[in-house]
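For reference, chains read A, B, C, D, E, F, G and H in written order, and residue numbers begin at 1 within each chain.
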């Protein structure tokens, strides 16, 4: 059908989760911290479920930027953490780029805090280096809505593909006709708490219908 | 005059209404459900009025995503429903793509829930396959305003033409100088409830003027 | 139980729907015209269903204020229309006050455009005259959100009870344990389009459950 | 009918327009400067039309607070300007209070910049001194929406009646059945630019109807 | 010191959690579903921690209103569920009022969906019946921000005390100088995800300081 | 200096003001009607001041779309009105395109209601026909902010240059060092009422300084 | 004149600045941290300028709530800090209440984080104890706009006077006719950065006028 | 690593700060004046810290546009001011372009008021002239959010790189592993007041940890 010709190939994909740190979270104003963490956790769980590599890193986690949010490694135990030596741009760090290259994969799904810096800098560099680059705008955060809109434009200008967490979810699993369908359904409840309530209502409605049979 | 050289040709056009389902509606946050449904109904009625083919589909309608909104087939009785087998991306489904191809038309006007997934995936694939692709942003819905803005950028990046329902209406009928003018006027009242009130005021003002003559 | 001691008594209640006119609707900025009309229709249908008297009136309907929205009398055929003679405040009009008095009821549920004028003026006068007065803030409309907030304060200062349409609905029917339960459910779908989708999903979920039994 | 028992009596009313100054306008964030000036002009014109006294004053108009907006005295040539001697609260100024008392009227409709200071201070003092006090929230301005809401509460706490310009308009003219009806209609076009467009549409619709007769 | 003379007495307090149901959640527009649930869970955990009785109830949970959110009874296992017989107003239900009375406590902290109905009706009735009534506005939900503001005014008019979840938390524990301090700290992280990040940063900063000693 | 190489040439420019009609104004939701009219008037005055041709047109002005706003021809008496025969897209109308061509100018500054239709259709067609096309987003209006954002993207995709009224003002006059400086200053007061207040304050400050000399 | 009869008496006034702490600031969502700090600094400077006592306190400043913002004591060196022993409500702390009483003043102007807790609790207690209580809503902060509105209602219900920083400024100095006029002008520039720019423009305009003389 | 291949080179960079004037500030509506000034100061301090040239200019500073904000030259004493002769577009001014050329640098980071004029005009001209052009959207200001979004699109269309102040900060210093790390940390506190509070909390937490050792 040509279906998916314009979409990513999960077997060629790595998740790069960049600088999701407690201190930096306080500066985020384009999304609530609760949603930002929940979307990031969704990516971590998705990667684990679909066996996609995850690379994490942090910017000066012993300093004021604060510790990495622990949920990523909790829900993606296979994630590899790469320490940096002060570089703001992860792509400036040799170990980080090496770790990315070592996966042999060419599609990078990036998210982080700030979108305009920790995501945009390596995204633009990686695109120039020949990678297929996705930026997950709502698993990232920035200092204002204006910063979000501005960075969206810069990323697209540089050839990056802008997405949101729910689109990544769908673009990775692509069909409900697979064994992980139930777990995937739960992940949609993460990106949309209303969907979780839909699922609860659905279960109850069926239970009532069955009991009244 | 060269008028319309940059616009769509209704005789080459198909409407694809994708996954407008009751469960998914609960997750929509970039437009109210009332407006989303009203805009979608407008497209269905317009297609019927102007004799444009409509193809619908749904993602797992027996599951938590919920049933298709019934108004589409009610107001576009000629619409063809294509069942999918779990594929998130309608363009992954052979029957769907076949049904599109069978129309022999090359301009696809797409709307659906979520914009970032159910619209964007087939839109990007169809564009790559040579179709002229329109995405109706306000007959579609997504989990956040950020998702709407992000998807708008991705669609444009892929060559899709972003529109809203009122523009589709105008781009299809193109002139008031046609027998369906009154019905079209009513459709504008759907996309703008204020316009419906304008029409009511106009009628009353004329009635008063005639009576006082 | 003392339940309802602080609530209204439907058998003592009249609905006063004031100046819901097409021209005035254009000036409303604190609610969309679609929601305003939908909420007003809900009150009309509720009155019919629960056999509560309705009195309507309009301010200069032959002039620029425009015609009364026709849905009220369509859905509440028992509603009584009282013509005014130019008075802005319906309570200044003898026929109107007489019609209210003739009902013998002492609880007035008022809605109209503008909240600050067409609702507030008769509401404050009626309260002073000994009536129990409710103002339905979202079946009314005003020129700004600031006007809405300001009027809310003035109404409360004068002893009026501020409510929204969904609360009126519940305060009138009070229990699901009555023959009109299904129709009432539909009315909730008017004040909340998301609730209508919940009902659709529920029906489908039960249908699927029954079929799979 | 008891109509108007709870409303103001125009023959007992004075308008106090306080510190509508160009420098202070820059600090206003709860309403646009265009709307603030337009509403203030509306009050000035209304006073002239209905022959209601107007008293203006300014806070240090030779200093950074800036000059009084000239439209007030332009459209209400009968307005009396009272100079102050540095007092922030106009009620602290002997001349001002004397000028108010000299009118012999007991209902004061106040507006000014800032609502929380230039309106609230004299409003609370005047109320304590036995006056009937109205505060026109949208012919006044303040440094934030929070300041507007906070001041609304303080004014009501002190017994002031909170209103918006459109309500003052209606509360003063009370009926369309008067010679000034056309001029009053124009004033509604000031408080609601959409109403002005309604009037234009109405005139045109009638003209078309008459011509086609 | 007179400290707390104006505040609630936890030993006289009961939590009433009313109609937090999955179907109704879809209609809530004045707060996100995620925040609403998180705040409600906070109350449940607080009640358990501080040994305060909890009474829950649901409106037609087998119907479209949907099942009660399971977290309440999960985190407050001592909560007592009272089934209703169709009454919208819990105070209309004899069992419910009896269960409240049986606690012997006179301060009722209420939350639920909708604020304007499921909270306001029993709140106003209970106040009239002599109870001290608190309404937790952000552990409740309603169909619009306007409904929230309108109901706030109605509740205050009836003598109810309006609060938010963070205030309930503080008003119940009153001092950090108690054994449950750590658990309480965690609850603040529920009502403010930013506070949870503050706690993470604090721990890391101290760990770094200690290691560098 | 190369200054202006990327900017428009006023001597090659025509203003096309499309369908600024009273009925359509009621449907505009991305800008207030007051601002939309004020910006349009600014363009009309600017064209007159700088001797730039203006072409106006209207869509079915005898019908519900309503009459053209009279200020355009009032303030740009040299403007040429072209009647259409029912075409929605002005570029479909032979007379209109002829009138544009007859000016011999190749830069078209367009504004109108709706942006997505009355501006976008001729803009895209004219661009394809070799014109340099500007779209003035805030002298135009559309049914929602989403429609504005969507149309902005479509216009840019088609090669149109998106601008706002203040930018047109500056791009046309280019220097304050010209005889019309005072009139231009007044036009800035139209696009920014705060600027008008700045001018008032400035004048007063200088007057005070001179008097105290 | 009776001027000020309804206003506070600065010689009877104390400022209570409660829990303005770096950790708590991260949880504030009803005002930006920059504005909150700037308004608080304004109060500190005002107190110093007008010789009004200031009492500060903090809630567990060695813990996660974080250190007191240093600017208060920097700009109000006469401020007295009272340590608490874990009490959330400052009025529960004996030393705090003693320090307040020792001033012999009966008007308390309170601000702090959170408004709903650190301000509302002592405000309600102090009011009950006979004090005249002001709450400065924008020198305080809370977890949501809803919390701000809810607390405003609760404070007014308990007899507290709600104000904003600019009103406190004006209510304290009352006249420009005093030696501190220039310093006071600067404080207005703190509560309104636009006012600071007005002052800059004013000075420049006068300088230009004088030079051109 | 290829790190920074897509980023700017500070040694090739000049900052152009255009028309940050007190009068123009009053017209800015897409960002607060406080944030606009703070971001501009950040750029000035960054330039000084990293020894990057700064060129400033003003549009008719003796007229109503008002004086240049003094902080720029205060914090970037090395900045060169270029007077203009009435040109709106700085690139129209020979001295300005000469001064830019004289730096020998090819990357221009521009900010100013208005974004759509004072930034966009020279940005588009400079890009055409072969420069690498950055526009700092939040150290600039415009008359509306719509103007900001419109200009963002125009700048990108012309090849300009859109950024925000925090991204410029990061793109210039690139690593924390440098002597200026502490000063840079302070600059982040300027663009994010929440970050400044993070730093305060961090310091206190470490101090407490060390004291308790």
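The rule is short, and it goes like this: a contact is a pair of C-beta atoms (placed from the backbone, for glycine too) under 8 Å apart; a residue touches a chain by one contact, two chains touch by 3 or more.
Keep in mind it's a predicted model, so treat the numbers as computed, not measured.
Any chain that touches chain A and also touches chain E is listed here: C, H. By residue number, the contact pairs of G-H overlap by more than half with those of exactly one pair in A-E, C-E or B-D, and this pair is A-E.
Computed from the mean C-alpha positions, the centre of chain C lies at a distance of 54 Å from the centre of chain H.
Rounded to whole angstrom, the centroid-to-centroid distance between chain A and chain H, based on C-alpha atoms, equals 30 Å. Under the contact definition stated at the top, the residues of chain H that touch 2 or more other chains are 23, 26, 64, 66, 149, 153, 194, 197-198, 201-202, 208.
Touching chain pairs in this entry, ordered by label, are A-B, A-C, A-E, A-H, B-C, B-D, B-F, C-D, C-E, D-F, D-G, E-G, E-H, F-G, F-H, G-H. Chain H contributes residues 198, 201-202, 205-210, 213 to its touches with chain E in the complex.
Here chain D touches chain G in the complex through residues 23, 26-27, 59-60, 63-64, 66, 85-89, 91-94, 96-97, 114, 116-117, 120-122, 124-125, 127-129, 142-144, 146-147, 149-151, 153-154, 156-158, going by the rule given at the top. Note for the complex: chain G touches chain H at residues 22-23, 25-26, 32-35, 37-38, 61-62, 64, 66-67, 69-70, 193-194, 197-198, 200-201, 203-204, 208. Within the complex, the chain E residues that touch chain G are 1-7, 30-31, 137-138, 148-149, 152-153, 156, 161-164, 166-167, 170-171, 173-178, 181, 185, 188, 191-192, 194-195, 197-199, 202.
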